[in-house]
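Below, chain A partners chain B and then partners chain C, in two separate complexes.
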Partner chain A sequence: MARFIVRRVVAMVFVLFAISVLTFFIFNVIPAGDPAVRMAGKSATPTTIHAIRRDWGFDKPVYVQYVKTMGRVFSGNLVSYINQRNVIDEIRSRIPRTFCLAIGAAILWMFVAVILGLYTAVRAGQFSDRFLTVLALIGISMPVFWVGALMAYYLGFKWEIFPNGGYVPLTDDPVDWAYHLILPWTALSILFIGVYSRLLRSNVLDTMNDDYVRTARAKGLSERQVLVRHVLRNSLIPIVTLWGLDFGAVLGGGAILTETVFDIQGVGQYAAESVSQLDVPPVLTVTLFGAFFIVFLNAIVDIVYAYLDPRIRLT
Partner chain B sequence: MSERLLEVRDLKVSFATEEGVVQAVDGVSFELEAGEVLAVVGESGSGKSVTAMTLMGLTRGPNARFEGTARYKGTELVAASDEELQRVRGAEIAMIFQDPMTSLNPVHRIGDQIIEQIQAHEEISDSAARERTVELLDRVGIPRARERVDNYPFEFSGGMRQRVMIALALSCDPAVLIADEPTTALDVTIQAQILQRMRNLRDETGAAVILVTHDLGVVADIADRIAVMYAGRIVEQGKLDEIFYDPQHPYTWGLLGSIARVDRPRPARLPTIAGMPPSLAHRPEGCHFRPRCPHEFAECVKTPPLESRVPASPGHKDRCWLSVEDKRGEREIVPGEIGLEDKKGVGAAV
Partner chain C sequence: MATEPVTDYALEGPAAFELEAEREHVAGLGPSRLALRRLRRNKVALAFGALFLVIVAMCVLAPVWANRVAHTGPNENHLTDKVTVGGETKDVVSPDGVPIGPTWHGRYFLGADENGRDIAVRLLYGGRTSLQIGVAAALITAFLSIIVGLLAGYFRGFTDTVVSRSLDVIWAYPVILLGIALGTALSLGGLHIGPISVGSDSKLIPIIIIGFVYVPYMARPLRGQVLGLREKEFVESARAQGAGSLRIMFTEVLPNLSSTIIVFLPLMIANAILLEAALSFLGAGVQPPTSSWGTLISDGVEKIITGPHLTIAPGVMLVLAVLGLNVFGDGVRDALDPRAKIRLEH
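Coming up: the complex of A and B.
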């Protein structure tokens, strides 16, 4: 286990380094990427631009700029090129919003998908299975920006059943917190529910033909015990892997569309805004933030995987 | 005579498949008495496993159709409700499956898989069930059972896993043990150990055994009675000696002829039965063995009933139209033949 952790930490450092280099250099070579020009405004003189370039160090070689920027990321002194606000503080204030969205949605989509997947597998071929299969396909096909916008417009704005976007901290008012998050949770979960329930259904159907399930029946277990202890337990293993990775992506600000449609002001929305302004410091930091969670959850998934399937050994 | 445990009457099992209706079992009848070992022998696809699994309701499914009855101590198994079946499964009738590598759940400890069965049928504390599991594992010959009870299936070899399966099957003292090709997936040396173990356990517990196999060599050691199945029907049944020393059906002759024997001059090639078993979706009219039978004659297009044709042994039944005298003549010429010259010696000893 100790070896496993050391290996993973070393690997994580390499991954984050590679991602930071790639992100930084991509923004250095894209057209209209010169921050000094944009910071100087529309009718700036070359002198102004030149002054900005010198003040911010944009005239230094790219690798020097990279090292300086990375130094600021870790010392917490990195500021936005656009509004000069501290990037680290900005992300820190947005983390609770993104985490609440991610955790709630991940629980919701896993819970619903397990129930749906199991139910459709048991009823395979019957009307209810076909009906739910069509629903799942519709769910998979609906883009979040569309279904989210519809929900926000009708349920939030027009009929005023739910608040129209925004976020209330959990510590301020737990009920209002949940009330504000119901629509975003649902919008974010729909796609995942569709994918996960389909995947679980086919896993369950495969597992049901395994010999040990026949053994479990031959033991005189009830159908429910057979399903939960033997079929579900084994079919869930690949789903849990997927869940960990998707959860990591959403935690790291991957729910950009949902956050933007419902104006949650989370990390994902920050990323979207910064990208549209070609604001390198926040883009770089948010990318690293997201990559960290994906790599971290990957390691967690491996540990959980070894626990769920004793044949797997961590090395 | 001892108590009649299980009585199967005219059992028919068919499955609807894309190629049409597959009649896997077609009118099988047999009885099983307490402490008896009945061997059900046949090639792959003869319906022997389906017969065995149907007794435990394991062939049920949306495409399966059942007829006939299987009466176990007053419970009718073919039409039993799920609850009735659950009470019987594991506790009254237990099953050992063919492939020990896949028959245990890979993600649960073997001890837990046995405890689970005990607790499904008895109100028993975790520690008592665990204690019994250790004893069971010890009894089937798992060394250091107390430590190994917490191991996972992948930490065991095939033979050891089959012992675990046997311990599992015996955990609730079943009256009937169904073993579906229990040694097919194992090495020959391990096969012998497992069979020895089953024989001992039969003697100790008095459980009746239905041994499903394609290997007559396995049967010779352990069976009291034999039922030979072909294409969904029993084509011959009788006591062990009747089948081995006075076989009546040409299919049985073929099976017996294709056993490799060390006590005979070795033939250039082991005799085989020509042709392939018929598809169970398109079986020939009359005697199903007809297309492969070297002794076929006009009568064979009619289905021969399973009845006693040897006057001296009324329990010995077969489905062949040949007269007993003709058979005794024809049988001699079967290559690699059967055991006739032994008959005097062994017969006298019996």
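Coming up: the complex of A and C.
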């Protein structure tokens, strides 16, 4: 176990380092242009440009710039190129919004997908199974921002059933908080419900043929007990794995499209807005933030996996 | 999807006999023939495949619709024009800027946008862009994944470590963030690698980005398969005959990867079309004045209050195309790999 943790931490540091270099490379090498000129804006005096250049090390080789910028990431005084606001503070203030969106949606999609997957597997081949399977396929074929925009327009703006955008902190009013997040949670969950329910359906169908299920039936367990205690338990393992990975991605600001279309002002939206302004510091920091969650949850998933399935050894 | 028996217990009576009969008939047919037969029996998958082909045909025939039926091009403005619908004359764009909705007639079949451009015509031309990007990006992903998967899986050792770790890095990079970062950077400076130079507003840029971003998702399973295949007897016998590494990789191992590659392609095209839409929505995909389904939805979302048809029309078109590919791709997977070992995780 200790070896596993050490290996994973080393791998994680390596991946995060590579990602930071890659991000830095994308913005500083590919578009041939002086970041200082971009930072200073269109109507800048040569003196301002020069000052910025010296301050950030843009007159030095790329690796010096990289080291300077990464130093600022870790000392927490990295500021945006565009509005000079502190990036770490900005991200910190947006984390609750992103986390609320991610946690709520992850619970919702897992819950609905398990029910749907189990139901369609039990009814395999019947009309209800085919109907729901088609629905699931439609779910994975829809761009999330399109569904989100239509939901916000019809349910939020036109029929006024739900609030049209906006966010209320949980600590202010829990009911209003949930009420404001219902549409984003639903929009974000649709794709995952489609993927997970289909995966669970085929896993359940596979598991039903296993010997131990026959044994369970033979020893006289009710169909319900067989399904929930024996079939579902084992069919869930790959889904839990996938859930961990997707949950990590969404926690790290991966729900950029949902955040943008509902204007949640989360971490992902911050990154998207910064990218369009070529504001490297926020993009770099959010990317590291997001990648951290992806890699971290990946390691957690491996541990959980080994726990659920004793045949797997952690190395 | 087809009426396959769900469990072994279902195989009683006539069903069991049918399966027995099928087994006899099956003898002597090659795996690809069998797969084709299974696919041909899956009517749902075929119907959705046909739906996709119909959409492709519609987009290919876009100029015919534009010239013969709608009498306008995709980028022609008609701000002050009037159109007669059922004997009633209406402004294409009303004085306070509200565009006409669907007329369900030749001109402005699906309405107009705020510049008086015909949405149906733009939709068909935009579909051309989206489909081109989807197909080209999927081919790039497949090409890169095959090369990378073959090299890593065949040579193992150091090559594998380098390739696998690089894939890990791309994989851990949040997909959309990587897409928009590359998209924004490249759409400003263009892409210049040695003699190859791509203009900053070229369609090639989203193609390259999308093709690149999805490589880990396809290369990883391919690598795994190559690792297994290289230990097989036929590879050993090829080596005994004096075949070099390159020859073994491309004439012995690669053909055995073909079913995996075929399974991946439709699903990859579907995902590429979706990612194009997402990148265009965030301003890092197709650059104006070129239209695609993604840019049309993105434009529509901005004006959803004055004209919801601007959002609905391109979205429905995109969903139908992607749905067609997904259902067909599912059918292909079931046909080629009935045990469903290959799975594309988005």
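The rule is simple: the second predicted complex is superposed on the first by the 304 of 315 C-alpha atoms of A that agree within 3 Å, B and C clash if a C-alpha of one lies under 4 Å from a C-alpha of the other, contacts with A are read in each partner's own complex, and residues count from 1 in each chain.
Criterion: a residue touches a chain if its C-beta (ideal position, glycine included) is under 8 Å from a C-beta of that chain, and two chains touch if they have at least 3 such contacts.
Everything numeric here is computed off the predicted structure, so don't read it as measured data.
By the document's definition of touching, of the two partners only chain C reaches A:242; chain B does not. Between chain B and chain C, it is C that contacts the larger number of residues in chain A. By the touch criterion defined above, A:283 lies against chain C but remains apart from chain B after alignment on the C-alpha atoms of chain A. Judged by the touch definition given at the top, the superposed model places A:222 against chain B, while chain C stays out of reach.
Contact with neither chain B nor chain C is seen for A:197 once the two complexes are overlaid on the shared chain. Look at A:80: by the touch rule set out above, it reaches neither chain B nor chain C.
In the superposition on chain A, A:15 makes contact with chain C only, while chain B stays out of contact range.
When the shared chain is aligned, chain B comes close enough to touch A:234, but chain C does not.
By the touch criterion defined above, A:295 lies against chain C but remains apart from chain B after alignment on the C-alpha atoms of chain A. Comparing which residues of chain A touch chain B with which touch chain C, the overlap comprises 125. Interface of chain C with chain A (complex): residues 1, 3-4, 6-8, 165, 168-169, 172-177, 180-182, 184-186, 188-189, 191-192, 270, 274, 277-278, 281-284, 294, 297, 300-301, 304-305, 308, 311-312, 315, 318-319, 322-323, 326-327, 330, 340, 343, 345-346. By the touch criterion given at the top, residues 56-58, 62, 82, 85-91, 94-95, 97, 99, 102-108, 116-117, 120-121, 152, 154, 165, 168 of chain B touch chain A in their complex.
By the touch criterion given at the top, residues 11, 14-15, 18-19, 22-23, 26-27, 30-33, 124-125, 130, 133-134, 137-138, 140-146, 149-150, 153-154, 157, 191, 195, 199, 202, 205, 208-209, 242, 249, 252-254, 256-257, 260-261, 268, 271-272, 275-276, 278, 283, 286-287, 290-291, 294-295, 298 of chain A touch chain C in their complex. Every residue of chain A that touches chain B in the complex is listed here, in rising order: 125, 210-212, 214-223, 225, 229-230, 233-234, 237, 308-311.
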